[in-house]
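Here come two complexes built around subunit A, the first alongside subunit B, the second alongside subunit C.
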Partner chain A sequence: MSNKLYTYGIVEQEGLELDVEGVGGAESIYTVDYRALSAVVSDIDTTDPERTDDAVEAHNDVLQRVLEYDGGRTIVPMSFGMAFKNGRTLKGVLRGAQRALRSTLNDIDSTVELGVKVIDSGEDETAEEIAQAGMTDRLSEASINETENDLFSDRLIVNKSYLVDREHRDEFDAAIDTIRSAHDDVTVQYTGPWPPYNFVDIHIGTDQQRGGR
Partner chain B sequence: MAQPDSSSLAEVLDRVLDKGVVVDAYARISLVGIEILTVEARVVVASVDTFLHYAEEIAKIEQAELTAGAEAAPTPEA
Partner chain C sequence: MFILDDVLVKPFFSVLDILHTMALGEMYDMGSIRDDIKENQLLYEIGERPKAEYEERKQELEAELEMAELIQSQMRDRMEVKR
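After this line comes the complex of A and B, so read on.
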């Protein structure tokens, strides 16, 4: 019998059980505890799940479900594919990384990530100048932190992720409206709420593997 | 008011594949001793972008636990 566990993210210790489609055909998710931490997991039959679009969406759907569950939860998201051999190996890693995980949970407490892309949809050359003249100032004011992502196209004039306190979601939404109404020649792609992917950076390895790098 | 959209596959892929906590395969399939686990966390929320290495401190904690009790974590040979 397989007792492998696919992990989606880490929350403050809490028993959660939800019926939601998971990675690898799972029909429900639950939590595995280590002290003050709980890993959100589902059963899976492999430690190397296939990286299909459906699987990636299932991973994200579970995280968004937990993120918005019953008034909202703070969750440290795992990258795709973090399946463990069993509960013992998972708990071993939670134990080894508990300081970093707890400190991260504390840093992102009560927050979600929101994505903003502004695309120049007109012929007007001044769009970029407008963007640089403080279009996103109100977004910065309504958020705790932000990261600048790659401007992979000339038409993309803003590509940022914002860390926003749940209590300031309305302010942030309103700031998006302001940008949309003030600038006819741009398209604003507003996405989320995401678990704070761009504000979590934790890598857990072993000395054995570090030696080989 | 504007509401964010969570359905864009490109946005999902960007995040789920490239970001989030990564645990190396060896640590996911082997019951490794805490003393060889390495934890690196970049603190993105703090105003100063600090790269922290937790490994040394974890080693200290482990040392204290070993001294205090008789915990024998298996240590795979490097």
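After this line comes the complex of A and C, so read on.
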């Protein structure tokens, strides 16, 4: 059996063990501890996993599962592909980044990321004006922080990620409902909860771990 | 004749070369193809594009992206040789 470790993210020190499909055909995930931190990992045969749609989906599914496990966990997500030769190498990396990781865990404590895309129906030319006239103000009020993402399509009016306190999730959901009922000329794609990819910026080892999907 | 050819024809080929490189750059713009991939995914996710059409378009775009990567890397090599 391989002792290479694929890493999904970092949580406050805790012994987690879950049956969930991981990257590279793993059937369970567990934690490797270093002082007050735990890396969520699964066994893998390679340190260079292939980036397929299924593998990326498995990576995200594990993060989501941990994020929602037993009332919710705060997790600093890793980008896809972080695999280590063994536990010792992983612990070395955790040692080097422990200050940044602890600080980030503190910053994103009890939060989740929610994604909002507003898509123009393509029929109403005023949709963009409506959007710019404060459509997302209530979302901003119900969140702690937000980032503007790339408008990769002409039909995209809004593409934002919000950092929301778990306890204020209902307010955010209500704001989404308000937008949906007030603007039937647009489609609102509301996704999450995600680990706060867009609000984490930690450099680990030689690879930069930056948020963003 | 050789000198005349060199003076008159060489600049013409240089301009053509630049125009050709610019046209290729525009045709194989990886950023724009990546945007199209994301748009295809989005339209599928919101139910505007049926699965079969989404998958067919995805395959086309992935092939375009692969070709664009190849062309762009060849263009970079050419620029480096000229410097």
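By definition in this document, the second predicted complex is superposed on the first by the 202 of 213 C-alpha atoms of A that agree within 3 Å, B and C clash if a C-alpha of one lies under 4 Å from a C-alpha of the other, contacts with A are read in each partner's own complex, and residues count from 1 in each chain.
Everything below uses one rule, namely that a contact is a pair of C-beta atoms (placed from the backbone, for glycine too) under 8 Å apart; a residue touches a chain by one contact, two chains touch by 3 or more.
Predicted model, so just to flag it, every value in this text is computed and none were measured.
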Touching partner for A:16 - first (subunit B), second (subunit C), both, neither: neither
Which of subunit B and subunit C A:32 touches, first, second, both or neither: neither
First (subunit B), second (subunit C), both or neither touched by A:174: first
Partner chain(s) touched by A:153 [first = subunit B, second = subunit C, both, neither]: second
Which of subunit B and subunit C A:193 touches, first, second, both or neither: first
Subunit B versus subunit C as contact partner of A:119, first or second or both or neither: second
Of subunit B and subunit C, the chain that contacts the larger number of subunit A residues: B
Shared subunit A contacts, counted only where both subunit B and subunit C touch the same residue: 189
Complex interface listing, subunit B residues touching subunit A: 1-6, 8-9, 11-13, 15-32, 34, 36-46, 52, 54-55, 57-58, 76, 78
Complex interface listing, subunit A residues touching subunit C: 117, 119, 150, 152-153, 155-156, 187, 189
Sites on subunit C touched by subunit A in the complex: 34-35, 38-39, 42, 45-46
Partner subunit B, residues of subunit A touching it in the complex: 9-10, 47-48, 51, 53, 56-57, 59-60, 64, 76-80, 82-85, 88-90, 92-93, 95-97, 99-101, 103-104, 107-108, 114-115, 144-145, 147, 163, 170, 173-174, 176-177, 180, 188-195, 197-211
